[in-house]
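Input: one structure, supplied below.
To keep things simple, chains are lettered A, B, C and D as they appear, and every chain counts its residues starting from 1.
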Amino acid sequence: MAGLIWDKAGAAVDDRIQRFLAGDDVILDRALFLYDVRASKAHVRGLARIGVLEETEAASLVAELDALTEAFLAGAFTLDDRFEDGHSAIEAHLVERLGDTGRKVHTGRSRNDQVLVASRLYLRDALAEVERRSLLVASALLDRAEATAGVPMPGYTHLQRAVPSSVGLWLAGFAEAMIDNAALARSTAAWIDCCPLGTAAGYGVNLPLDRQGVAAELGFARLQVNPVYAQNSRGKFEIQALTALLQPLLDVRRFAWDLSLYTTVEFGFVTLPASYTTGSSIMPNKKNPDVVELLRASPAVVEGALAEIAAILSLPSGYHRDLQATKAPLLRAMSSGLHALSLVDELVRRLSFDEARMAAAVSPDMFATDRAVELTREGVPFRTAYQRVAEELPTLAGRTAEESLTKRVSPGAPGQLLLDELRARLQNAVQHRD
Amino acid sequence: MAGLIWDKAGAAVDDRIQRFLAGDDVILDRALFLYDVRASKAHVRGLARIGVLEETEAASLVAELDALTEAFLAGAFTLDDRFEDGHSAIEAHLVERLGDTGRKVHTGRSRNDQVLVASRLYLRDALAEVERRSLLVASALLDRAEATAGVPMPGYTHLQRAVPSSVGLWLAGFAEAMIDNAALARSTAAWIDCCPLGTAAGYGVNLPLDRQGVAAELGFARLQVNPVYAQNSRGKFEIQALTALLQPLLDVRRFAWDLSLYTTVEFGFVTLPASYTTGSSIMPNKKNPDVVELLRASPAVVEGALAEIAAILSLPSGYHRDLQATKAPLLRAMSSGLHALSLVDELVRRLSFDEARMAAAVSPDMFATDRAVELTREGVPFRTAYQRVAEELPTLAGRTAEESLTKRVSPGAPGQLLLDELRARLQNAVQHRD
Amino acid sequence: MAGLIWDKAGAAVDDRIQRFLAGDDVILDRALFLYDVRASKAHVRGLARIGVLEETEAASLVAELDALTEAFLAGAFTLDDRFEDGHSAIEAHLVERLGDTGRKVHTGRSRNDQVLVASRLYLRDALAEVERRSLLVASALLDRAEATAGVPMPGYTHLQRAVPSSVGLWLAGFAEAMIDNAALARSTAAWIDCCPLGTAAGYGVNLPLDRQGVAAELGFARLQVNPVYAQNSRGKFEIQALTALLQPLLDVRRFAWDLSLYTTVEFGFVTLPASYTTGSSIMPNKKNPDVVELLRASPAVVEGALAEIAAILSLPSGYHRDLQATKAPLLRAMSSGLHALSLVDELVRRLSFDEARMAAAVSPDMFATDRAVELTREGVPFRTAYQRVAEELPTLAGRTAEESLTKRVSPGAPGQLLLDELRARLQNAVQHRD
Amino acid sequence: MAGLIWDKAGAAVDDRIQRFLAGDDVILDRALFLYDVRASKAHVRGLARIGVLEETEAASLVAELDALTEAFLAGAFTLDDRFEDGHSAIEAHLVERLGDTGRKVHTGRSRNDQVLVASRLYLRDALAEVERRSLLVASALLDRAEATAGVPMPGYTHLQRAVPSSVGLWLAGFAEAMIDNAALARSTAAWIDCCPLGTAAGYGVNLPLDRQGVAAELGFARLQVNPVYAQNSRGKFEIQALTALLQPLLDVRRFAWDLSLYTTVEFGFVTLPASYTTGSSIMPNKKNPDVVELLRASPAVVEGALAEIAAILSLPSGYHRDLQATKAPLLRAMSSGLHALSLVDELVRRLSFDEARMAAAVSPDMFATDRAVELTREGVPFRTAYQRVAEELPTLAGRTAEESLTKRVSPGAPGQLLLDELRARLQNAVQHRD
């Protein structure tokens, strides 16, 4: 029975040890493989520049690495458990094709700096995608905010009706959040944008490696100078990258919560497109907002991965095999988080709003704050006005939501949404990417 | 490039939505599938007992479910993305084989109670395996503790040499921990040992289901009475089960830490069998204790899974699709944690101790506490004795570790290890399992 | 400016080190102090039994410890930063009062086993309180469930209206959860109910301590035999205790979520007593369910404490100062969690239900599942019935919620709530406590 | 007994509710109070600029707020439980002093934006302190790295001796880490450097507030435009700030681990100054590295706080009382983390190295990688060289660590540490701060 959980029947202890050591490592390496190949090419060219490889050796290694890339993309080369990991697979492939020339590729490097450079290259791309997706979501939100700037809806605090709000205010709030999230992804990418290749196992090598040239070829902004730091940064940069992924997902969760409430019969403010809902296996009447609910759950994978990585890092300096265990949570969280994020812009564009239900939900007591502030214009101290209005709530019945919105002119408020300012920030962020 | 991370090139939005909804669910369900089938059989027999199914219908459904079990175990039936999930696969299979009779299997149940009952059945077995493995480790530790009861080694606090200790004391400490861990797994299994089947989507059904009979057939100790509770317990029982897995892994980590230190050249107390070590890709001289390091990392997956599940559970009553996201971390952590735990007893049995190195590391200052206590037997107040001994450390040079161990007779101490007591507790725990 | 954050202006480095070492330890020890005194009394009597103390010495030490208890409870003795920690305070007090006799109290023990025994005594009481509070909440819920067993309300899945439910079903679900939570607190208390006193700094002492007698005097169920285990269990038993606290709080959170929704204007099912709500500083119209929201937040402190403790435990065997850092999160979480839990029974008793609003929210489509099951009684396979009903939703309009509830007779469902069974389980649990 | 844990004996339920609502909020607000006062001054001046306050009213309010600052700093004004929170205290103080003018201070703001602006001001300073402290640590490390650049020590991977290293390499690694950590603190401060004041309760107000002017007066880089975003960012910016604190602490932990090992008798590489060690209550011979151990534990408070905050944030848009619970973990973690960080530079400066012990620990097998790379200069493919050297380890005995270090010339390696490059980065970072 336990066999169903974790084991093949009859596996000998040493088989179990081997599987324990291997884990899913080689499968996980599929996500890093092309980055590893790319870094290998740069490494080879660097070795040629310092005379450790002949130009012809370097050229044939690069050609085989290019061919390997092609084969991998075409599915002709599969990274599987014939290999210990992606690093071994590259070397094995080159040895098989090029013999002794292949046996030279690992000169002056270690798997330790190989995995570090591949991880940083991967995360640079992944964070660029977090940034791009965040901006796409911001753009969709801003578009809809502009179209709904004057559409009233209730504003809630404590889930209690508080002050008249507008659909535009609600959506623009998430747009601004996503613009900031994109900026965070960008600065995080800059933080990890340093090249560890050439630090070997954490103590350098007795070769005058052209690390600067290799870093430049790989597009890194700077060298990660110190080999001990290169090793000790494992886990640290993953945490920072995942935090930059977590931030937009925290907003996605909050937005999903809003949609989850607003699509209830009781609120009835929003309708989802059919493709975002599913049925029930037992209840013929159900149409469930499953996509929204899974979006709401999306930060969990990232939070779990952060906890998993953090739990590994209490170690002395230098590489320890424990650190390999950062790879699975990193890749799992990045993949699943980006998947979630990729669905949001389209969801935003396809929401339907029931403006009548929203307007009807703006009740007269919600004008109380407007009224209290008005009294201050007549010289009544705010605290006195506040107390007076609490006793005069019935007198507010004649007001309209539209008027309340129009007069709410503090910068950013419904009467002055500053969508142009947000649009300008978005444009600026988009241009920075190009 | 981003495509490498999460997407197939050119996937349309609705494809992405479908993949987002599906996730790995059907693959994950492989671990639960036979439990789901078993519960389906019990459900079918229960329906027959209340006359909702004919006996012949029930018999043919049970026969097909048995055949499905056989086919699954033999690899002739593969649970893959032809199906939405394992639950749908079972119903689809029965409909394909039995037509309208198959269409009756879902009478009076929902996927909501199906997944709950399968999860609890799975965890009952998994916790039994945690218990069994913990006891195996305890047994290996006790065996070696008995053989090394008098072998001196330094006792450390703050990693500083403190008091003479013995290998037996060290190993027996982990043995007692593992006996307690087994007890926790056992009581946790009892806590989750209630049957949710028959609570449907969280509100019951208009059928007089024989829930008690179904629960008894599945070997549950009691009914989970209330359908709202059945749904709301999702996530809660998984957390408790994973905590029961975490506890032995916390001890494994601490033991792995000890081994990691004791196998350094600087300590040099322990040698690992060759199959527990690996080489380096760049350093020809290395023999690394990778298995021990991965054991040290083993709690991380469980801690991550706990954080991931906890991050999902902030929800109102009733089923929400978010809750499906508890499945992946649960299965991942249980599988990986049990794999780690399964390696420890053999590791314990195969450790080699360098008794001479250990003995040499017991330095004279470590007898200071013995001496202070001796002075109290002569009437010197302990605090006074403590101060006097601090000034007389050089006088302790003539003592031996063996004498210190023999005279350390407080119950549980090296001079009175009480291994018989621990052995009796272990036997008692083993008998409870049988 | 930074000074505002963490420092007194001009503090010398060594002052900062001293404050860093001290932390809040002595303040935190207030919660453990009486347990430490109680364990000291047992330790003293044990020393007398083996002749290490004269009977008269023991008697005077016990008398002073009793006086210290009195003084502490009366506020005449304050545990503050005159002392390094609670342990030092006890010894200093005894030395001040009894001179050399006081200097004997620490014979055969270490602060290491002192803090362990005090922590376990504290947690035994705290878990008894978790158990007691959980049962009080269960009792309040069951009382109200009995009174509202037939009151219809909508049953939700995915926050969408699903199936008619009843207030009794909803409340009884939480009652059953709390009965199970109490059982968990009880079994967790049993798990940690072993006595570490007499294991000294982790290696025992050269005295034939009467550990069994001391453990019995302190009411422990068993000895924690091995001194290495006693040290290595630090953090582990705290995690288990906090998990037992987390479980009822997860239910409290879910219940608070329900109340948060049901007290919105949009749902309008529940009204809170005025003392559970607060106003706004700016909006005169607001009445906010702050208590419910803080209850919803209550698991966060416990989850944070669990993460904090877990982050400390990656260590080799033996005591390290790191482990002292488990104390603050343990005490903080236990205190705040119990405070939250202590408010729930009264809250349950004082909720008002708007039965008319609830009944009106049961819409005809919610009878679809009932109808599908009815069709199966006529021989229609469930899957076929499900499809047919999906097309016939309009025909369900004539049904009533009451009828639906009455006919929903699967055990635990609204038509057969089995409140007697839950009441019996509750009584049984209460009796076990007495 | 439970009373000791959480309650005053005999407290009525409503008392308990009030204490539950209040929590420690007003005490926590002490850390935010001066920021709240500063923001209040800016708010008042802004109100004057738009004519909502008379200039004389604004002047007297500002004067009283200045006086309040003085009184608070001098200890003449104590923020305690006479007040609900710091915000109320400010308003109450102004009303007491200025009557109706005081009642005007809250015009156009809410406690919701008050706490947000105070929190962001606080974190801007706290992050500046994280940056400053990180740079101080980097500076101390670089100084010592320069002085020890050529001092050999063993380089470890997997805690096994791997390759000769130098004290300079080891320390410079942490220096580079701290320079990067400072950059992260800086960019994080920039990310949160936007002004929420003037967004009121999340929906703005019907006044043309001069938000831009207020933001400028408070030194904010930009406006947080949208009021919904201002509320929804609660928790998000705290998480980001704490992550920026966590990163240097992760390096502190790793450094503390190194010191913990290197101060064992077995390694014997490092001696700590006496003021960083403590004694034992039972063992007269002990000198324990408690400060180092508490530094190693220092990330735990931050990790716990991150988990605690994250556990709160699963909420719909808008303010909920749950969000108040972010304050305690934020302040606790920032204060304790900065305290830890403030001790490290001095610790670095006062470490003593045992150069002879370190040199003696460089064993001949550690030259194997050097030798393998040398063979590649003679044309032997690396993989072949690697295999050959594994068989020739005994031939390496004549080599010296100094030679190995000198020839290890890959950029960043011991033979080319690039300390100038790190020094330049440090200078650049320091200048940015000025």
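The rule we apply is simple: a contact is a pair of C-beta atoms (placed from the backbone, for glycine too) under 8 Å apart; a residue touches a chain by one contact, two chains touch by 3 or more.
Just so you know, these numbers come straight off a predicted model, no measurement behind them.
Set against the Cα centre of chain A, the chain with the most distant centre is C. In this structure, the chain pairs B-D and A-D differ in their number of contacting C-beta pairs, and the larger number is found at A-D. With centres set at the average Cα position, the gap from chain B to chain D is 35 Å. Chain A and chain B, compared by their mean Cα positions, are separated by 31 Å.
Centre-to-centre spacing of chain A and chain D amounts to 23 Å, using the average Cα coordinate of each chain.
Counting partners per residue, chain B has 106, 112, 157-159, 162-163, 200-201, 260-261, 280, 282-283, 288-290, 293, 296, 299, 303, 306-307, 310-311, 314-315, 320-321, 369, 386 as the residues that reach two or more other chains. Note for the complex: chain C touches chain A at residues 157-163, 260-261, 263-267, 280, 282-290, 293, 307, 310-311, 314-315, 361, 363, 365-366, 368-369, 372, 386-387, 389-390, 393.
Within the complex formed with chain C, the residues of chain D that make contact are 1-2, 4-7, 13-14, 16-17, 19-21, 23, 31, 34, 87-88, 106, 109-112, 122, 125-126, 128-129, 132, 200-201, 275-276, 278, 280-283, 288-291, 293-294, 296-297, 299-301, 303-309, 311-312, 320-322, 324-325, 329, 334-336, 338-340, 342-343, 346.
Taken together, the chain D residues at the contact with chain A in this complex read 52, 91, 95, 100-108, 112, 155-159, 162-165, 169-170, 172-177, 180, 183-184, 187, 190-191, 194, 198-209, 211-212, 223-233, 235-236, 239-240, 243, 246-247, 250-251, 253-255, 257-258, 260-261, 296, 299, 303, 306-307, 310, 313-321, 369-370, 373-374, 376-377, 381-384, 386, 404, 407-418, 421-422.
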